[in-house]
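Got a structure here, written out as structure tokens. Questions coming.
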Amino acid sequence: MITVPIEHVILMAAILFSLGLTGVLARRNVLFILLSIEVMLNAAGIAFVAAGARWAQADGQIMFLFILTMAAAEVAVGLAIILQYYRHTGTLDVDAMGGGRR
Amino acid sequence: MLSLLWLIPLLPLAGFLSIVLGGGRMRGSMVALIAVGVVGLSAAMAAAVAIRFIYLPPAGNSFTQTLWTWIPATGFMPEISLRLDALSLVMVTVITFVAFLILLYSAEFMGGDEGYARFFAWMDLFVASMLVLVLADNFLLLYLGWEGVGMCSFLLIGFWYRDSANARAARKAFIVTRIGDAAFVVALFLIFTHLGTLTIQEAAARASREWPVGSGLAVAAAALMLAAAVGKSAQLPLQTWLPDAMAGPTPVSALIHAATMVTAGVYLIARANAFFTLAPFVQWLVAVIGAVTLLLAAFAALVQCDIKRVLAYSTMSQVGYMFLALGVGAWSAAIFHFMVHAFFKSLLFLGAGAVIMALHEEHDIFAMGGLRRALPGTFWAFLIGAASLAALPVVTAGFYSKDLILLCDWTSKSGSVWLWAAGLAGAFLTAMYAFRLVFIVFFGELRTKPGRKPGFRMGAALAVLAFFSLSAGFIQIPPDIVNFSPLSELLETSLPRLSAVSVGTQTEALLQAVAGLAGLAGIFFAWFFFRHPALVERLVLTPLGSAFRRLWLEGWCFDRAYDALFVRPYIRLAEINKDDCIDLLNRTLARACESMHYLLIGTQNGRVRQYAAAVTLGAIVIIALMVLL
Amino acid sequence: MNTVFYISAAVAILSTAMVISRLNAIHALLYMIVSLLAVAMIFFVMGAPFIAALEVIVYAGAIMVLFVFAMMMLNLGQEAVERERNWLSPASWAGPVTLVAVLFAEFIWIVSRTGGSLPGGGGLGPKQVGIALLGQYLVGVELASMLLLAGLVGAYHIGRRMPRTGEENEASRAGISIKQ
Amino acid sequence: MILVWLIAVPCIGALLAGISPRGRELRCRGVTIAAFAINLALTLALWIMHPAVLRLAGGGAWFAEFDRAWIPSLGIRFHLALDGLSLVLIALTNFLGLMAAAASWRDITEKVRFFHVNLLWMAAAVIGVFLAVDLFLFYSFWELMLVPLYFLIGIWGHEQRLYAAFKFFIFTQASSLLMLLSLLGLYFIHGRATGVYTFDYGALMGTALSPGTGMWLMLGFFVAFVIKLAAVPLHNWLPDAHTQAPTAGSVILAGLVLKVGAYGLIRFAVPLFPAASAQFAPVAMGMGVASILYGAILAFAQTDIKRLVAYTSVSHMGFVLLGVYAGSTVALQGAVMVMLAHGISTSALFILVGALSERIGTREMGRMGGLWAAAPRMSGSLLVFALASLGLPGFGNFVGEFLVLLGVFRMSAPLAAVAAVSLITAAIYSLWMFQRACHGPNSEGWVIPDLSGIEAAIMAGMISVTVWLGIYPGAVLNVTREALESLRPDITSAVSSKR
């Protein structure tokens, strides 16, 4: 197995996370935002697994499992919402969502 | 017999309770029977107790009856206990007796009033409170009676409550006397804190033992009690409530604002004489207040047009005499005058009531006149009362009591010729306004035709009181005439004797003559002015005359001054602060929160990306804090 | 071995960068799959073969397929790409990028202060994970299953066509009739 | 065990009232009244037999005790104990609960069941507060009290009820958080010093504290209790809450909630921090006097009759504050008397004022007048309680106020003298209120029904109790003596040594 310094793994997770965050903040298409969220979750998962590997404990991997579960549920519901939304408004612009409220 | 003492105040109280609980369903005659009956019984008990007390004096010339411990607090155990000694005996006898007569009178006088039962309920409660006041063994119980009479006075002044002016007068009476009461309460604190008891005799004894004469504590205690007495007895500077108090029904004025309650202050000072003896300055102040009040009130009485207001100022003035007597240490003379005054002043009030009733609620004396023939019985009663008030020599009771006071002013060690002179001037003025009233109301031509004449019950009350107004003086005849003074002998078993400089019999006789002449001169002047109204007219029309007339008519403008100094500022303060300036602080805080809310509500715009950005920013800040700290 | 990690990391980062910058959603999705596969590789080399497998099966397999289905139902065409181009002006992404840059700097600061390296060795197989999962974390598993159930019901409930008022109602009725 | 029943009876009552069928309001009211009556009977039984039967061996002033573990890991116990002070206050609670339930007979017609549930819930919580000697338990009951009251004001109140309920909630909630902080502080300091982590009142009583810490912890408790007590300048929730609450709510507020604050001061704030309290006493007494006079002036300024009565509460509770910090047993006894007497008299005033404004449809005094002729029994009762609240001897209020001032005079004569001015100001507002309502011309021509049978019965009960307190306060003073003597902080010595 690899023996790279743990900082490198974490750094990589951080980069992925930052990219995901950039996507969430910069994109207006809900679909892209959802994808970016997946990226962020994935990055967090990497950090967990790396930490688990660092201490040779299973807990990190279990946390990843939970994240995975959550991501699955989230995507299912999120995509359903997006579909419904699109059906009603014909757009995927996140800025148009709820913008009408005060 | 003495052990039934508790029944004397309880009977009127029972009368009050039964009328309050059942009065709505009772017939008027039943109410009157109960109300008058219980006070009558009480008077009979008092008489029996008095006979027993005089002929078979209990040990130590006093009898104490403890009913129960009122407030069993730690280190403070005032009891509900009654004490009968010569002073309270005289008070109880006079109060029950006069009250009985006045209630008898009222049973007829108040007939047909819609508040008949209410009237008698309050009257009975008043009698009960007054009896508690004079029978109390400790200051706290005395205070109970003291406030009780004040409350009844409030209720009865405002008896005809539909008129806001009456309600106002009632409120004023209560609040002004309450100022004195507050001082009284502080006096109680002072006495208990420094003497460890509120029992009057015990406290007096300890005070005499522990406090040197003129010590600060004694002066404070006496001064506070004086303030209380001044409030209740309508003396300067708290006298303003009494003239307005005439808004109540006339029997109320007779009983409460002439015969009994207003003399409670006199009773208090006499009861607490030990404290005043320890504070000569305050005692001197008592005399001065009395002298000033009697003169100011007499002047005010000279010009009033309302028959009851004349009598009200006269009451103030006569109580001033009692204060004058107390101030020079003539305790029993004050009580003597109280007794005589109770008779003749209630007689005058009841007579005035008969006149007012006959003239259909007419109070203005200038609308009266010539009633001598129309109401002969009332006329004679009123004349006797006025004569006694004016201290017509030898035949009236008022002469003996007033003369005794003047004599004491002259002879007492703490007296002075100035006090005597004030008293003498007062005697002259008293005779003048008393007979001014008689002449204007009963002589001259008939102006208003009288209606209802007093019936049996009113007549009987008037007759009995008239009899006593003449004869009550004979139980205390000056030594230079006949040496017969059972009253002061009785009273001196509980009150200290006057320490007097002895003057010769001749001087005494001379002083009497001068006093008598002053009264006669007053009557003469009253007659003179009555015969020459033009003279009065001209006197009044001079600038000085009209100014004084206005001043006296308004009772020396005390009302106006107090209004400007205390009443209006208080109301103003209340109005300004109606919405509670402290709440302003909270409201400001709330408003600040609200504006923050409107500030933040802008961020709640539904734009998901901005939320995300905010979350990111938050993360940045938190991590930055973590990094930096 | 370490080289594999660095290469995979580079692939993952590059493909992720493509994900967030693509105009066409399908392209982004494909890059995303690449990224996930790279991450699965990283998991594998870090000694977590079970997780690596799951990453491929669940993430790259199931979840991404979900996306594909969604995109098919949305049926985005060329005009959507044009719209994306309008939306993705430098002015719109300059702010987020700055923000994230700051956050990233902070990450680096924190990461630079951690120490230690991965132990190498055999890693943790599915067995250990399974034991921990159904032992210590049993409650978590139950909760996760409940979450999945909720997600299922939620997605079904939200995703079904609801009758609407007014024109939408008309439209949806028309849709139904077309289906029939 | 009887202590548990005291709390359980209202709870059971609340349950029964809550599940009583819709449309059968009578049963709901009956259950509520029965619950209060049973509880009152229990309390009175305890009261009557207290000296002979109920002396706990070696238990100090406690009459009865109930102690079970609750959350042992944190040292929290379900510990109830009853002494004379608690006993009289619980009696007051049940009595006023009974009165409030009876007074709402005609008043409350909507959501009847929920109303009665709240009433009983409230009573249970208040009784719990009076019984709890575990500080955590005390705090739980304390918080429990808040919710039903919020509902009572917010649902059945008058026109500005939401504002009032909200204000009340924020004030009291903020204050109880301060108390929670202090409580935890005390818990940890005691735990650290002795190694025993406990919330037990008896154990915490002797905690050694540095002066600074003691002062801060004391202030936490003090502020919480004083807000409930509504002393100036923390009184602002009171006028709004009292005015806007329905009659029963006002009764509960005036009669119980204010007393809870006072009870907290007597039971906790002072005995737990004797040194800090002694140091703080002058400030507290100053607040007391300020409340007395400020409340009186503000009461006079009001034109809304209910608001006037509300401000009189501020004035009267000033006496309690004064009495608690005067540092003598007499003053403390006076404070307890004021609590009871004020509970009765002000509640009665609220019931009367509520009945009056319900009949004429306004609370503005300017529109009242001359009601004596229309409603003599109501006016008579109003008179009695107006007189009671102005401190006329013969009523319980006088006894209390006199004892308080007597105790204060020993410590500071000028302060007592200033407080005695309230005799005058109280007379002004009381008579003003009474006369505005009942005297003067009946300018708007009101024709209103007099007190109904139930109302007359309520008034008869309350008048007899307040007179009884006035002429035989021994019944209360004897039963509370031992408790109060043991609770009295040694303030006098601290102050006199300073002098």
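Note that the chains take the letters A, B, C and D in the order they are written out, and that residue 1 is the start of every chain.
Here is the rule we use: contacts are C-beta pairs under 8 Å (C-beta built on N, C-alpha and C of every residue); 3 or more make two chains touch, one makes a residue touch a chain.
Model, not experiment: these values are computed from the prediction.
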Neighbour overlap between subunit C and subunit D returns B
Cα centroid separation between subunit A and subunit B, in whole Å?
91
Measuring from the mean C-alpha position of subunit B to the mean C-alpha position of subunit D, what distance in angstrom results?
38
Whole-Å distance, C-alpha centre of subunit A to that of subunit D, is 57
For the pair subunit A and subunit C, the C-alpha centroid-to-centroid distance in angstrom is 5
Check: subunit B positions touching at least 2 other chains come out as 613, 616
Residues of subunit A that touch at least two other chains are 21, 24-25, 28
Pairwise, which chains touch?
A-B, A-C, B-C, B-D
Contact footprint of subunit C on subunit B as seen in their complex:
613, 616-617, 619-620, 623-624, 626-627
Quick one: in the complex, what on subunit C touches subunit A?
1-2, 4-6, 9, 12-13, 16-17, 19-20, 25, 28-29, 32, 35-36, 39, 42-43, 45-48, 50-51, 54-55, 58-59, 62-63, 66-67, 69-71, 73-74, 76, 80, 84, 87-88, 92-93, 95-97, 99-101, 103-104, 107-108, 111-112, 114-124, 128-129, 131-133, 137, 140, 144, 147-148, 150-152, 154-156, 158-159, 161-162, 164, 168
Footprint of subunit D on subunit B - complex, ascending:
20, 24, 68-76, 80, 114, 118, 140, 143-144, 147-148, 151, 154-155, 158, 161-164, 166-167, 170-171, 174-175, 178-179, 181-182, 185-186, 188-190, 192-193, 570, 573-575, 577-578, 580, 582-583, 585-586
Seen from subunit D, its contact residues with subunit B in the complex are 167, 232-233, 235-236, 239, 297-298, 300-303, 329-330, 333-334, 370, 372-373, 376, 380, 383, 387, 392-394, 399, 402-403, 405-406, 409-410, 413, 416-417, 420-421, 423-424, 427-428, 431-432, 435, 438-442, 471-474, 477-478, 481, 484-485
In the complex with subunit A, residue positions of subunit B that touch it:
601, 605-609, 612-613, 616
